[in-house]
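Structure incoming, see below.
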Amino acid sequence: MQRMTREQMAARVAIDIPDASYVNLGIGLPTLVANALPKDCEIILHTENGLLGMGPAPAKGKEDWDLINAGKQPVTEVPGSTFFHHADSFAMMRGGHLDICVLGAFQVSEQGDIANWHTGAPDAIPAVGGAMDLAIGAKKTWIMMEHVTKDGQHKLVKQCSYPLTGKSCVSRIYTDLAVVDVTKDGFVAIEIIPGLSLEELSNLTGAALRDGRAEK
Amino acid sequence: MINKIVESIEAAVADIADGSIILIGGFGTAGMPFNLVDALLAQGARDLTIVSNNAGNGETGLAALLKAKRVRKIICSLPRQTDSHVFDGLYRAGEIELEVVPQGNLAERMRAAGAGIGAFFCPTGYGTLLAGDRETRVIDGRNHVLEYPIHGDVALIKALKSDRWGNLVYRKTARNFAPVMATAARVTIAEVSEIVELGALDPEAVPTPGIYVQRVVRVDAKMAVAA
Amino acid sequence: MINKIVESIEAAVADIADGSIILIGGFGTAGMPFNLVDALLAQGARDLTIVSNNAGNGETGLAALLKAKRVRKIICSLPRQTDSHVFDGLYRAGEIELEVVPQGNLAERMRAAGAGIGAFFCPTGYGTLLAGDRETRVIDGRNHVLEYPIHGDVALIKALKSDRWGNLVYRKTARNFAPVMATAARVTIAEVSEIVELGALDPEAVPTPGIYVQRVVRVDAKMAVAA
Amino acid sequence: MQRMTREQMAARVAIDIPDASYVNLGIGLPTLVANALPKDCEIILHTENGLLGMGPAPAKGKEDWDLINAGKQPVTEVPGSTFFHHADSFAMMRGGHLDICVLGAFQVSEQGDIANWHTGAPDAIPAVGGAMDLAIGAKKTWIMMEHVTKDGQHKLVKQCSYPLTGKSCVSRIYTDLAVVDVTKDGFVAIEIIPGLSLEELSNLTGAALRDGRAEK
């Protein structure tokens, strides 16, 4: 088997984003999805620091530091974009107007709880940013992350051991090994990469994993 | 006649008292009122509570204020950043108090302060450490947390242009927290790049009506740098 | 490609269901979406709940909808006006239900619906008949009343211009409730005087970003007349 | 004695409005204050339907029905004015940013309660508009009204008999006979029109009236 690269993961997420969607791509891995969106679609990107209609990064030397994304990287604006203040921007998110939010995570539980802001380490400085608003704001919250940690720890778990960002909010998880739905009956694998069996994937998953693949 | 333009930045911040709650605009460096923060540093007020999205970057601006030990407490959403070493050091040494607030709550709580809302229920943070021992309630089948307003004594913000009534317009994502903070503080002080004639701003496009602004000072733009 | 422009006003309102909660913009005649209200009348939906500042003026628009007995209940701040005889007659005959809401609460409750706020405490109406048996609480020494969001199934609003993404700009005080209602309804339908190219609107000056708008229809302006 | 005319009452209120104030003038009698404001002052008028910087009525034939006040009369905009939506406009009022709100009233109690939206008559259709927000929103709420009703009933009272608009919110009352402060000790007359004694005014007032005149 061949784990998906980060770019392949981004491409896989992008496939599932319908044309004309309003989407927020979280800091880190999800940012890569922007480059993978189909060119013949109009998918409108929201960045919570006050822009709807975010475009790609500017050419080198063309950076405008008044035009940045939530990760504080320079971006551009597309025709039809709008600027607004922080309360209006979070109202847009918290009011359930975004179709999809894609976030990275440390852990996701089979109840759809997400932990992505704090390792719980005693010397860690807590810093949440917009993560808790993003987790519960959009119509659908998707997670994009490696299936296990670098040292092989489960990230899909029965209960998050790290402090929660939001409860029962994740509907789907895109990993480097699979696409997993979070249902009321727990994790359901709907796609697995070639060369990996459900049993092998189950061993890499910290909670029960049902088979939901259309073709088996 | 109304004229909110103040001739010097020193005069603009002169009466900020020790112990004040100061709302500081900006998201990273975008919209950060560097000149006003520098003036506050020079002015000398201490024992301050700072409300801002971040807890300082590098060694300048808010970081310099922290380094000079003027800040008792900071209320923000994202203190830890790659270049927040000044804050990190103070925090680890127990020399600064920290209240971490989800970014949307930070904005909405200041909006509530400006809008006369006594408290509000919202779902953000329910079931997390940051909800702490706040009151919760199930509304329409969903768990909510009760959040209270954040009022400021002073707001320091940056805008692009102002007229003498204090009507402010902003530039792109440098708008961020400024319009909200302007409503939440008793005294709002804005640094702007340009003063325009009364009537020169499009009345349909003023995110901050002058009623929310008490003082305006024109500054030469400092080059913003990457956070 | 996103194109929210609908070719006919009949198509724009075709799927409005009986029993819907309809938010209707406008303050008196300013910003009143007369064409959409007429189309709703022609469409035939009944048993409607209407949320609007007033309860109809003269014999046209909302008054005509009332007269045709399509409205079960109206939620508004100021039903009684010099020319609200259609509503007055129905109300006195017990043929329409009325919920009077202070105007600021009407706006803030729809804002809450759009912003994901489950409920909020505010001082307006404390100690009055309109607070009814609502929950109250003393916050910071002041009496507050707990208010809940008003969600709409549909908002019918009027704007000056739109692009194909549904970004809307307004004209003067005709803006009034429209941007708030657009955020509070599942489906927002706007009548506009002009459709402009994507990118033609100033991104710094769009009170209603297109995310809040599902359908736009261009209409020839009806002459507004005095309320 | 000569009762003040409505225009004299408006002029008297206008004297007390400091330069550079933000003011909302309620529907009815208070609207007249706009015409009486000193020309050498900049007093910025708010109208709750979304305009700060309201100007006088337009010339006949120049009416713009997209530019109206809260009474739905055509107005104008002055240089420096700004438009905003209804929630932002009421936030401006309810957040305590206006310096003064001048309202008409049916009754004001010695506790500063105001009744101005409903006579309580059983066949009356209730209609509140922005009255309850206005009553409690501004830094100072002033009342402008006749001292007694046309048939001689008290309007300054111990307790309002009409349904309340707001509690303990009125700080001053301008009538056609006097200027009366509402203090924690009740009504205090600070001005009385020439030819009317405190005793005579007291008889026209439905609660105890103290003398607070600087010159007696």
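Per-chain numbering from 1; labels A, B, C and D assigned in written order.
The criterion applied here is as follows: a contact is a pair of C-beta atoms (placed from the backbone, for glycine too) under 8 Å apart; a residue touches a chain by one contact, two chains touch by 3 or more.
Please read these numbers as outputs of a predicted model, since none were measured by experiment.
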Between the pairs A-C and C-D, the one where more C-beta pairs touch: C-D
Chain centre separation (chain A, chain C; CA means) in Å: 35
Distance from the mean Cα position of chain D to that of chain A, given in whole angstrom: 55
Whole-Å gap separating chain B and chain C, where each centre is the average of the chain's CA atoms: 33
Distance between chain centroids, defined by C-alpha means - chain C, chain D (Å): 29
For chain D, residues that touch 2 or more chains besides their own: 77, 83-84, 90-91, 93-94, 137
Per-residue overlap in chain C, given as positions that touch at least 2 other chains: 108, 111, 115-117, 122-123, 170-172, 204
Which chain pairs touch, all of them: A-B, A-C, B-C, B-D, C-D
Touch list for chain D against partner chain B, complex: 19-20, 22, 41-42, 44, 46, 52-53, 77, 79-84, 90-98, 137
Residue numbers on chain B that touch chain C, as the complex places them: 108, 112, 115-123, 137, 139-140, 142, 144, 148, 169-172, 202, 204-205
Chain A residues within the chain B interface of the complex: 47-51, 63-68, 72, 74, 77, 83-87, 89-91, 93-94, 113, 118, 123, 125-133, 136-137, 163-167
In the complex, chain C residues that touch chain D: 27-31, 77-81, 87-88, 91-92, 98, 100-108, 110-111, 122-130, 143, 170-180, 207, 224-227
Complex contact set, residues of chain C against chain A: 1-2, 111, 113-117, 163, 165, 167, 183, 198-199, 201, 203-204, 206, 209-212
